[in-house]
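Common to both upcoming complexes is chain A, partnered first by chain B, then by chain C.
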Partner chain A sequence: MEHRTTQINSTLYDQCIADYEVRSPLFAAEAPEVVAARAQAIEQFKQLGFPSTKVEDWKYTNLVPVLKENFELEQDAEVLTVAEALLAQAKIDLLDCYRIVLVNGKYRADLSEVPAVEGLFLSSLSDAADRPAFKQHFGKYIDLSKFHFAAANTALFRNGLFIDVKRNTVVEKPLHLIHVATAGAPTYFQPRQLFVVGTSASISVIESYVTDGAPVFVNNVAEIVVQENAQMQHFYIQAGDANARYVHHTEVYQQANSQYNNYKASFPGTSLWRNNMNIALDGENVESHLYGLYLAGGHQLVDNHTIVDHRKPHCNSNELYKGVMKDESAGVFNGKIFVRKDAQKTNAFQQNNNMLLGKKAVVDSKPQLEIFADDVKCSHGSTMGQFNPEALFYLKSRGIGDEKARALLVHAFAYDVTEKIPIPEVQSHINALIDQGLK
Partner chain B sequence: MLSIKNLKASVEGKEILKGLNLEVNAGEVHAIMGPNGSGKSTLASVLTGKEAYDVTGGQALFEGKDLLDLSPEDRAREGVFLAFQYPVEIPGVSNINFLKTALNEIRAYKGLPNLEAKEFLKLLKEKQKLLEFDAALANRSLNEGFSGGEKKRNEIFQLAMLDPKLAILDETDSGLDIDALRIVSRGVNKLRNGKNSFIIITHYQRLLEYIVPDFVHVLYKGQIVKSGTKELALELEEKGYDWLKEDSHETEAAEILLPR
Partner chain C sequence: MSTDLDILKDVSTEEYKYGFTTNIEMEMAPIGLNEDTVRYISAKKNEPEWLLEWRLKAYRQFEKMEWPSWQNFEMPSMDLQSISFYAAPRKKAKLNSLEEVDPELLATFEKLGIPLTEQKMLAGVAVDAVFDSVSVATTFKGKLKEMGVIFCSFGEAVQEYPDLVKKFLGTVVPHTDNIFAALNAAVFSDGSFVYIPKGVRCPMELSTYFRINAENTGQFERTLIVADDDSYVSYLEGCTAPMRDENQLHAAVVELIALENAEIKYSTVQNWYPGDKDGKGGIYNFVTKRGICKGVNSKISWTQVETGSAITWKYPSVILRGDNSTGEFYSVALTKNKQVADTGTKMYHIGKNTRSRIISKGISAGEGQNSYRGLVQVGSGADNARNFTQCDSLLIGDQCGAHTFPYIESKNNSAMVEHEATTSKIGEDQIFYLNQRGIDTEKAVALIVNGYAKEVLNQLPMEFAVEAQKLLAISLEGSVG
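Entry: the complex of A and B
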C-alpha cells in the first residue's frame, strides 16, 4: 500500500489492532460517547499507524528503535504495590497540595488524598461515564486524522482520570498528580485524562512522572477544557529513567475570557519525551501562556511540538521554550501558530532559545506562523548559543568554581521561564532539578 | 606579596609582555601607566588567568605561590581580584546571589563554613553604606542595564564584599564622569587598610589625584621602562609618553650594538 512508507511495521501495531477486535464486545458497557470515539479512532489508527520519519511532524524523531524493542500492549491492570520511596521522588518540598497517584494511568484512591472540596469531582475515567461534563467533552477536541498516537489511545485506552471543577469553584490547594509507570516486561501503556474546568472556576494542577527502571512506553493523552472565564495553572514536571519513553499529547480547548497557563519542565533521564501540546483559543479575550524548559542529557531525545490555534478575536498567546542540551542529547522544537480569518486583534508571540553545552548535542527548531487575519501582532524567533566565555571568566574571577559558574549561567538562561512559575515551592523544586540535572 | 619576574605572554602568537618585572608589597598602591597597546590590560588578564593568553616565560609569585599555575577561581580564592575594564552583564543572575556564591566559594576554599544569611546581609548593608552603593542596584541582575558608571561602582562594591589581598583595577576610570570618578576613588580609599595592595592600571593621571599611589610604573612595549613615585605620573601627564619611547629605542639599539 502506498501509505506504508509513512508507517512503521511493528508487532505493537498488530497487537493494537487485535486488542480492539478482542475488546470491542466489552466496549458496549461504556458510555455511548466513548464507544463512538473508539470506533472512529481505530479506523484512523489503521490508516495512520505508528509514524515513520517520512511524516513531517516526526521527521526528527525516529521511533523505529523504540518499536523494535517488542513492547507488549498493556492488559487489564492488577493492583500493583508502589513503594512510597518511588512516590517520594516526585514530592515537592513544603508544598501544601492534594496528592493524587496514578499507576500506569490507573487512579489509585488508596494512595491518594481525595480532595474534599465542594464542586470538585475526581474519579477514574470509567467511573465518570454518567457525568454530564464527561459526556459533553470526552473525545471532542483532538483531530485524530493528524495525531497517530492520540488515535491509538482513543481507540484502546484502559485507564484514566477525570476531574470536573464545577462552575464558580475555586480550588485553593493545587492537585499534585504523580504518574507512576512500572512493569515487569516491556509494556506499552495508554493512559488518558479529561479535565473540565467549569465557568469561572479555577484550579492548579501539577503533574509529575516517576519510573522505577522498568522498560515502559507510555502514550498519554490529556484533554483539557477551560470554560468561560475559568482559569487553569498547569505544570508538567517530566522526569524518569532511560528505560522510559513517553509520547504525551495535551489538547486544550479554551472558551471566552478564560486563561490557561502551562509550565513544562523536562529533565535528563528518559530516553524519549515527545510532547504534543495543542491549544485552541475558541472564544474572545482568551489568554494562554506556554512556558517550557527542557534540560536534556545523555542520549536523550526531547521533542516538543506545539500548536496555538487562534480562532476568535482579541486573544493573547505567549510561548517561550528554552532548551539546555548536554552530552549527546537531541532536541526538537516545532511551534505552530495559526491565526484564523476571524481572529482579528490577535497578539501571538513565540520564542525558542537553546543553549548547547554538549559538543555533540543537536537541536532542530522550527517556528511557524500561519496568519489569515490582517490586523494582528505576531512574532516568532529561534536562537542557538553556548556558554558566554566572558561571563564564565567573570564568575570564575570572583572565586566561583567551574561547575558552579556553569550552573549559575544555566539558571540565568532558564530564568525567563523559571521566574514565571507562580508557585514558589514548585519554582524551587524545578531549580533543584536543574542543579541535579546538570551533574 | 606579588613578585613578577621576567614575565612574557602572548595572545594568538603575538608577544605582548616581553619580560616584565614588578614587586608589590603588602599595603602598597602601584599605578601602571602606558600608551595604548603597551600591555597594561594583558598584564591584568594574565595575572587573573584569562584563557586567551599564553604565558611563554617568567613567573608571578603571589605570597610565595606560583599564581600562573592556579585556575582563575583559585587565584580569586587566594586573594587576587580584578576590577574589569568592561564588566560583563549577566541577566538572570542576581547580584546578591552571585556575591553570596562567590563569598561562600572563597570561604569553602579556606575551610570556613558558609556565611549565615543574617551575617551575609549585615556585611552587604555595611559595605553598601561604606561605598554609598545603591541597594536597588545590589538587588538587580548582575550589571544588567547598568550604566558605565554603575558597572564600575559595582566592581568596587564586589571588591569591598570579597575583601581581597590584591586588587587590580583595570582602567576603572575609563568612561567615568568626574562625580563617578570621585565616588569610585573614595570607595577605594576607604578600602585601603595598610595590608591590602592595589595595582591601578590607567591611562590618565587624573585618577591618581584621588587614589594616591606609592609607585608609578610606565609600561611600554611589554616592559616596565621607568618606575618612580607619584611625581612620575605628573611628568607623564605633562610630557606624554614620547620621551620614554625615545629612551626605550635607545636602550634597544644599545642592546643590539653591545658585543656579546
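Entry: the complex of A and C
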C-alpha cells in the first residue's frame, strides 16, 4: 500500500485498519452516535495515517522510532490485578479525594472509591450509552481531519470513562484519576474519557499516570464540556517510566460564563509525552487558564501543543508554559491563539519560558497568533535561557551549595506555575516531584 | 506633521500615483518558459558558458520543484507559459552619459521622482536605475571607482568582473533553495552588483530604483553585494510600478556577503501596485533575500517598509556564520484592501557570540492580512548566542487579520532567546488624548501609526525615511473612522 510522505508506514497502521474491519460488526451494539463517529473517524484515519515530521504539527516529534517498536494493538483486556504499590506511586499525600482507577483505560470500580455525591454520575463509557449527556456530547468537538491520533482513537477506542456532573452540583472533594498502563508485551492502547460539567456545576479532577511492565504506547483522548456558569479545575500529573509513550489529546468545549483551568506538570521518565490541548471558548464571558510545567530529563521528548480558540466576544484566556530541559532531553511548545472575527473584546495571553540545563538539550518553541478581530488585546512571549550566573553567585555567596542553589532557582522558575495550583496538597506533591526530577 | 498630512490629503484623492506605462519600444523574449527561453536570455546578455550552464541547471531544478502550499494565503494561479521572461528597452550602444538616454525614459524617472537628473544637487546618492531589465544609466561611477567600489548592473559585472561573480553567485541563495529562487536563477534578467574592497567605507548610499514596466513581463532581478574585510556599505532599494490589471510576478533574489569585520545595511521601500480595492491586479512580490555574515565581527542589517504589492512574500534572512557576527531585521508591513503580506525573517546562529535583533511592525487595515513568520535557530556550536525578537501588530477595522508564526529553535544551552508579540488596535484613550489637544482623529491616527513604526523608520537612511513616512500616511488614508 502506498503512503504519502506525510504518513509513516507501520504495521500498527495496518493493524488499526484491520481491527476496524474485524470489530465493526460488534459496533452495532453501541450507541448510534458512537457508531457514526467511528465510521467517520476510520475514514479520516485512513487518509491521515500516523503523521511523519513532514506534517507541520509533528515537525519536531519524530514517531518513526516509536512505530518501529512493533506495538501490538490492545485486545479486549482481561481484568488485571494491579499492585497497590503501583497505585501508591501516584498517591498525593494528605489529599482528601475520591480515588478512581483506570487500568489501560478501563474503569475499575473494584479499585476505586465511588463518590456518593448526588448529581455526580460516573461509569465506563460503554455503560453510558443511553445517558442524554453522553449522546449529546460524545465525539462532537474534535476536528478529526486535523488530529491523526484522535481519529484513530475515535475509530477504535475500547475503554473509557464517563463523568456527568448534573446541573448545580458542586463536588466538594476532588476526583483523583489514576491511569495505569501495564502490559506483558509491547502494546498500543487507545483509552478515552468524556467529562460533562453541567450548568452551574463545579468539579476538580486530578489525573495521574503510572506505568508498569512492557513498553506501552498510549493514545488517549479526553473530551470535556463545561456548560454555562460551570467551573472545572483540571490537573494533569504526567509521569511514568521510559518504556511508556503518550500521545494525549484533550478537547475542551466551554459555554458562556464558564471557567476551565488546566494545570499540567510532566516529569522525567516516559520517553515521549505529546500533549494536544485544545480549548474552544464558545460563549461570552468565558475564562480559561492553562498552566504547564515540563521538566524533562534523559532522552525524553515533551511536546506540548495548545490551541485556544476564541469564538465569542468578551472572553479571557491566559496561558503560561514553563519548561526545564535537562540532559539530552527535548522540549517542544506550540501554542496557537485564534481570535475569530466576532470575538471582539478578547483578552488572550500566552507565554512560554524555557530553561536549558543540559548541554545537549534542545528546545523548539512556536507561539502563534491568528487574529481576525480588531478590538482585542493579545500577546505572546517566548524565551530560552539558562541559570542566571549572578543569581547563582548570589546564592552561593550566602553559603548555599551549588546543587542546592540550582534546585532553588529551578523552583523559583517554576513558581509562576506552581503557585497557581489552588490545592495545597497537589502543589506540594508537584514540588516534591520537581525535587525528585532534578536529582 | 503638517507636510505629511498635506501629502496624505493630496494622495488620498488620487488613485495609485505611479500608474502609468511608458511607451518605449520593447525587445521581448518569445512568450513562455523552456530551455530555449533560458538560452535566449543568456545569449541576449552575451553571457559566458559557465553562466548559461548554471542557468540551465537551475531551470532543470525548477522543473522538478512544486509550488509551495504552506504559506498563509491562497496561492494565485500563475501561468508562466503566458508571459515573456525578458524585456529590454531597445537600444543601440552603451550609454556614457545621461544625454544619450532615451528622453522618454528620463521623463518617466522624473515623474517617479527619481533624482537621476538632479543627482548633483542630491549629493550622496548614486543611482543605478534599472528600467525593467536592463540598466540604462549608472551614475557616480567615477567617484566610486576611485575608491575601488564596484557598483554596476549585473550584466555588466558578468562581462567585466566574471571572477568575482562566479566566486559569489548562488553561494547564499543556491538555485535549489526554493522554487522562486530556482526560477530566478534560470531566467534572471539583470540586477545590481556591488563589491566593496577591503578596508573601504563606501562614501555614499548606493541606491537602485526597480520598476516593472513592460506588460506581461515577469521581473527577475538578481542582486549580489559583497563587502570585503573591514568594509561598509549601505544599499537602498525602492520600487514603484505602473498600474495595470494583470497580476505580475516578481521573483527577485538578493544575496549579501559580509566578510571579516564588514557591515552591510540593506534598506527597502516597496510600494508597488497593490491592486484595486477589490483585490484585482497588483504585483506578486515573491522575493528571496538572504545574507551571510561569513567573517568574524561582521554585520548585516535588513530594513524594509512594505506598503505595496497584492502579495508580499519574503523573509530577508541572515546566516550568522562568523563568530561575534550580528544580524538585524527591521520591518514595517502595511496591508489594506485585499493586500496580503507574509513576511518576516530567519536568523541562523552558527558562530559563537552571534547576536540578532528582529523588530517587526505589522499594520492591517481594510481586509488586509498580515503575517509575521520568523525563524530563530541556534545551532549547537553557537555558544552565547543572543536573540531578541519583537513583533507587534496593529489592527485597524474589523475585517483585517494579523497573524504571527514564529519558530524558535535552540540547541545550545548558553543561548538566550527572547520573543514577544502583541496585537492591539489604536487605543481610544490615545485618540481621545490627541483629540482633546485639538488634533482630529485622522491626524491622530497618522501620528500614532508613525510613532508605532518609528523604531523601524529610524533605521532608514534620511532620504528613505521621508518617503516611507509619506507612504504609511498615504496608505492609511480612508481606513480610519
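Definition applied: the second predicted complex is superposed on the first by the 435 of 439 C-alpha atoms of A that agree within 3 Å, B and C clash if a C-alpha of one lies under 4 Å from a C-alpha of the other, contacts with A are read in each partner's own complex, and residues count from 1 in each chain.
Here, a contact is a pair of C-beta atoms (placed from the backbone, for glycine too) under 8 Å apart; a residue touches a chain by one contact, two chains touch by 3 or more.
Predicted, not measured: the structure shown is a model, and the values here were computed from it.
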For this session: Consider chain A as the common anchor and indicate whether chain B and chain C clash or fit when overlaid.
Result: fit
Exercise. Of chain B and chain C, which one touches more residues of chain A?
Worked result: C
For this session: With the two complexes superposed on chain A, say which partner A:88 touches: chain B (first), chain C (second), both, or neither.
Result: neither
For this session: Could you look at A:411 and tell me whether it touches chain B, chain C, both or neither (first, second, both, neither)?
Result: first
Problem set entry | Partner chain(s) touched by A:29 [first = chain B, second = chain C, both, neither] | neither
Exercise. Counting only touches as set out at the top, which of chain B and chain C does A:394 meet: first, second, both, neither?
Worked result: first
For this session: Once the two complexes are aligned on their shared chain, state how close chain B comes to chain C by Cα atoms, in whole Å.
Result: 16
For this session: Over in the complex, which chain C residues touch chain A? Could you list them?
Result: 70, 378, 380, 393, 395-398, 400-425
For this session: Could you please specify the touching residues of chain B with respect to chain A in the complex?
Result: 48-51, 71-73, 75-77, 81-82, 84, 87-88, 90-93, 97-98, 101-103, 105-106, 109, 141, 158, 162
Exercise. Can you name the residues of chain A that touch chain B in the complex?
Worked result: 388-391, 393-402, 404-405, 408-409, 411-416
Seminar exercise, completed: Listed in rising order, chain A residues that touch chain C in their complex are 56, 325, 341, 344, 354, 356-386
